[in-house]
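The letters A, B, C, D and E name the chains in turn, as written, and every chain counts its residues from 1.
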């Protein structure tokens, strides 16, 4: 009852404070070189973000992420929509893509390294693949789910395929596109970080692993927090976008 | 042409070419024999309803006439010529959800014109007019989700009117509405059709509605649907709800009900 | 008690305590005045229908009598005693989706008994009996998704019967069915109610249905709903669809339609 | 990176395994002091590998023509059929690879008390050490060896009490008083070829001058560190973010163990090969063909173990 | 096939049963076999080094051979399978429980939901060393990590399930005066079951990913590490065999769970 009156951000904040409290206490009890408390984590984060090399890494990750994310969204959306229009070919192709998507992609990363070498190209491609498959699947399903009634309406008006795509299919799949964009952002980011952790010379994943070999866990936690915050902003923005589109475009709003 | 059809209203034409002529049409979906063979003629300006149990093939027939399905067998002529594809002057009114949820009322009404390449200003002006005509003035910029079911159906009706149709195919357009709204909408449709003076093929589950609206009611039997009865409705036009109390109307209703009651009982048990 | 109510069927009781007595009941949801004040009395074995435009508060009234909502104001007595919580002998029939899709027909019918702790064998036997009574013999182990809407509603009716009710509250139980199935179901309900001999509060949008079924039809006005008319239906029992053709029935229908037509028109414009 | 296959490559990144440890110091110094630049070679970034064979992989797959790599992984890679050439030495002591226990652990005092021994990765130098050190020290007890996966995890294992000793990076030791050295590897093994500068034979043949320049630059950097430990410590401290005092200690100790050297040292190489043969249980391990003396500058030693001299 | 040309716009025509004489499953097979054959031919053509790519037939042969290798089966395969099973079971139980708490308590819902929404943008794998510190070197850190990684997807699906319980069923429950336990057992759980099952299927996929990724990058044992080690040791054959093995394993696990779970899904009955 009292929760109804408190603003929306209070409960999550209370939970966060509780978790930090637990962290502080357990870190104090553990008293370990490799289990720092929040204070140490924040201190090391502060020194990290004044370090130009670290900032360079952040920039690198952001740049590669942006490119591979944009590519994943665009490629997944367009190919997904095109395939989704054909029920027959969807049925023939989807089992393979679903199978591919259920493989833990990280074990495929060595193949990327073998053929694309170390560097932006291989980790970017890996991030791209991590994001593009789910996006593709979401869009195929969404396109297949365009209301048959709307297709019939279009047919009765003698609409061309292109006109159908523009006037019916695209607006119908926009809500799915938006939630796909939100979902794939996280997946692309994780893919990129894993790739950087496995083999990289720069980027946040590389920084994480470098700290691991130096046993600097406080920096790791600090950086995990930072990544969380950095990932949070676009995620929230995408969430906002999604709920707007849903409100506007969905039948049963 | 309009004046001609106006003059013929209420009397099924036999001298001029009918607007719809269906001969020996059948449909199969794989092993399922879904429809027919059926013959059907709709005169210019004639209002024909089809009632029948669920799954008997009513929608199938309508879609074949609307060029949304190819029949497995038989001939379909509209306006004297064999069908070659969706016709410009055939308007289909689907159930309420055939409004596009991402378009405002005006843009939904203007949709058919837009597809046909009518310029932006012209189609919007025309759409606004039609929105007024169907009584949605003031809701031009609302989205379908902000409207009641009955209001959405008015949008669909206005869109159909924008196509200047000589044939309207309506597939249970009021199926999702509650009875009171439904009756109001039926009266509305009567007014519109009487204004345009076009032929109508109207599919419904409601016997009352069929009787209220039609010149003729065709009763379809269980799958594969064929017509098992044809009930003429001799009531004066223009009509309103009150005509249903007249003996001719109650008699027609009872006759239709008797025809399809057994069919409906069996259908209720077998259909899923 | 059963014999007594049987004897009184058709004549609203004034000497014995009525099964439902509602006095000055009102409901508010925050700023929304949703209902009332209304007064209502239902005699033992009496069948009372309520019709009215969407959103006028019909469901609210029914839920208050079913103890699913507390009224903001007023008194509710069922079977002579003020309500203290859901009653064992009040059965509520919701719309068709109130069958549980993960249970077979038998298990759906046995659900109320199961919740009340009746043993497995006993409740299944009783459920099988009821399944036969509502005409679903042979479908015992089907799931709701394998049934038609009408058959699902029979399941809900059997479940209600399993509770040995003296009062049935039905909230648009046939709202989702097509008209023909609906009429069949209405006849079915009549038979069941006449067998059990319980009081019924029946909410519907269909004037035909209300007239076919009821001893009295109450017409509710727009929100906040109050009763604007009470139409007695003087037709012999047992009834079937054919009674609707009698002048008393068409007169009742026209009177009700005239009462709510304006309300419905306004409602269609404002409701979403 | 640049492209490895075209002749006349003079600008590239360098792969250094475990770059956060002292391996990287000569490279940092050489870059900073322009020892490579003045010979016409631009070293871009120091690309770290994770130890084991990863660095060699990175070198081969990632346009990284040359690398400072653990010698054991070079041995393993070449066994697996990868064409590699060792063009110079690099790290030739086991300084920094000391095995520590918790300061509070009174049970473990000497190498003879160690029963659970954590190394980092399979086929890493630390694994080889876990075999050769007890042998050299004459410890005969049963030892269970576990792979921790990394230095951080090793520390974690120590704290959790699941192992007796583990490698603790000097930078961590410098930061806290929690660890006590049990096995000081460099005291048991005076010389041990820990890492070497390697490249593919193809690159070496096409770009001999570049290879020579890099080796010579490395050699000069090693000399510079000996002469200016403070400057080297400063660079190292900046690179891995530790304070200068700690870095100075590390550099000075490394110098005292003669940690870096561009030349080939027969004793160091022999020691490392023996350790690997023991760890892998493979007595027939071949290594002589890997070494190419032609790229070494004149002022560094160039001796190979006795078993190689006959074949040349 | 067609006796006369269609009058219907192509996009509302019924889906053809066959294209070029083949039904869609046959095309799926053609697609898969075609891809495999292309890789096989490319690998055999000599255009690519054996250090980079080997023929698929050899990968498969080696993958099958691995099954006979005791060390691989016991040390890597069984170990990973065990970890996956344990994490999956843990996240299934915890996920449904948390979702139920969220469905019951508005406060919980509002407190947890934002984190559920953004969770998968976080690199939880980086917490592995911290877990090693807290829980030692055994299987616990990987299990915890994998549970953490998969529980969130279970929560979000189960929550959707609980929340999509038809209001009418809840009303029915109230009119029958059901207790909370009865409501959970007889209404909420069965109503949410299809969504919970969908969540569990994803949960398994995520548990597999988490276990293998952790093994691959950070740990020193298990199926994931087999691939990593083979990669590092230039054992291209073993690397590809491991990849094939892991892929087939993940695929079969997902299919098997999907089949097992759909038996409980009343929406498919």
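Some points to look at:
One rule holds for everything that comes next: a residue touches a chain if its C-beta (ideal position, glycine included) is under 8 Å from a C-beta of that chain, and two chains touch if they have at least 3 such contacts.
Here is each chain with its UniProt name: A = ABC transporter permease subunit; B, C = ABC transporter ATP-binding protein; E = ABC transporter permease.
Because the structure is a prediction, the values reported are computed rather than measured.
Following the contact convention of this document, A, E is the list of chains adjacent to both chain B and chain D. The set of chains in contact with chain C as well as chain D comprises E. Looking at contacts between chains, the pair that accounts for the most C-beta pairs is A-E. Farthest from chain C, judged by the mean position of CA atoms in each chain, is D. Chain B and chain C, compared by their mean Cα positions, are separated by 33 Å. Here the spacing of chain A and chain B, counted between their Cα centres, is 48 Å. Computed from the mean C-alpha positions, the centre of chain A lies at a distance of 51 Å from the centre of chain C. Centre-to-centre, using mean CA coordinates, chain A is 38 Å away from chain D. For chain C, residues that reach two or more other chains under the stated contact definition are 145-146. Along chain A, residues 32, 34, 113-114, 152, 154-155, 158-159, 209, 212, 215, 217 each make contact with two or more other chains. Within chain D, the positions touching two or more other chains are listed as 54, 57, 150, 152-153, 155-156, 159. A complete list of chain pairs in contact reads A-B, A-D, A-E, B-C, B-E, C-E, D-E. Contact residues on chain A toward chain E (ABC transporter permease) in their complex (touch as defined above): 3-4, 8, 11-12, 14-15, 26, 30, 32, 34-35, 85, 87-89, 91-93, 95-96, 99, 102-108, 110-111, 113-115, 148, 151-152, 154-155, 158-159, 161, 164, 183, 185-187, 189-190, 193-194, 197-198, 204-205, 208-209, 212, 215, 217, 220-221, 223-224, 227-228, 231-232, 235-236, 239. Put simply, chain B touches chain E (ABC transporter permease) in their complex at residues 29, 67-70, 83-86.
Taken together, the chain E (ABC transporter permease) residues at the contact with chain D in this complex read 51, 129, 132-133, 135-137, 218-221, 229, 231-235. In the complex of the two chains, the chain E (ABC transporter permease) residues touching chain A come out as 8-12, 15-16, 19, 24-25, 27-28, 31-32, 51-53, 106-108, 110-115, 117-127, 129-130, 132-134, 205, 208-209, 212-213, 216-218, 224, 227-228, 231, 239, 242-243, 246-247, 250-251, 254.
Listing the residues of chain A that touch chain B in their complex gives 147, 149-150, 152-159, 163, 167-168, 171-172, 174, 248-253.
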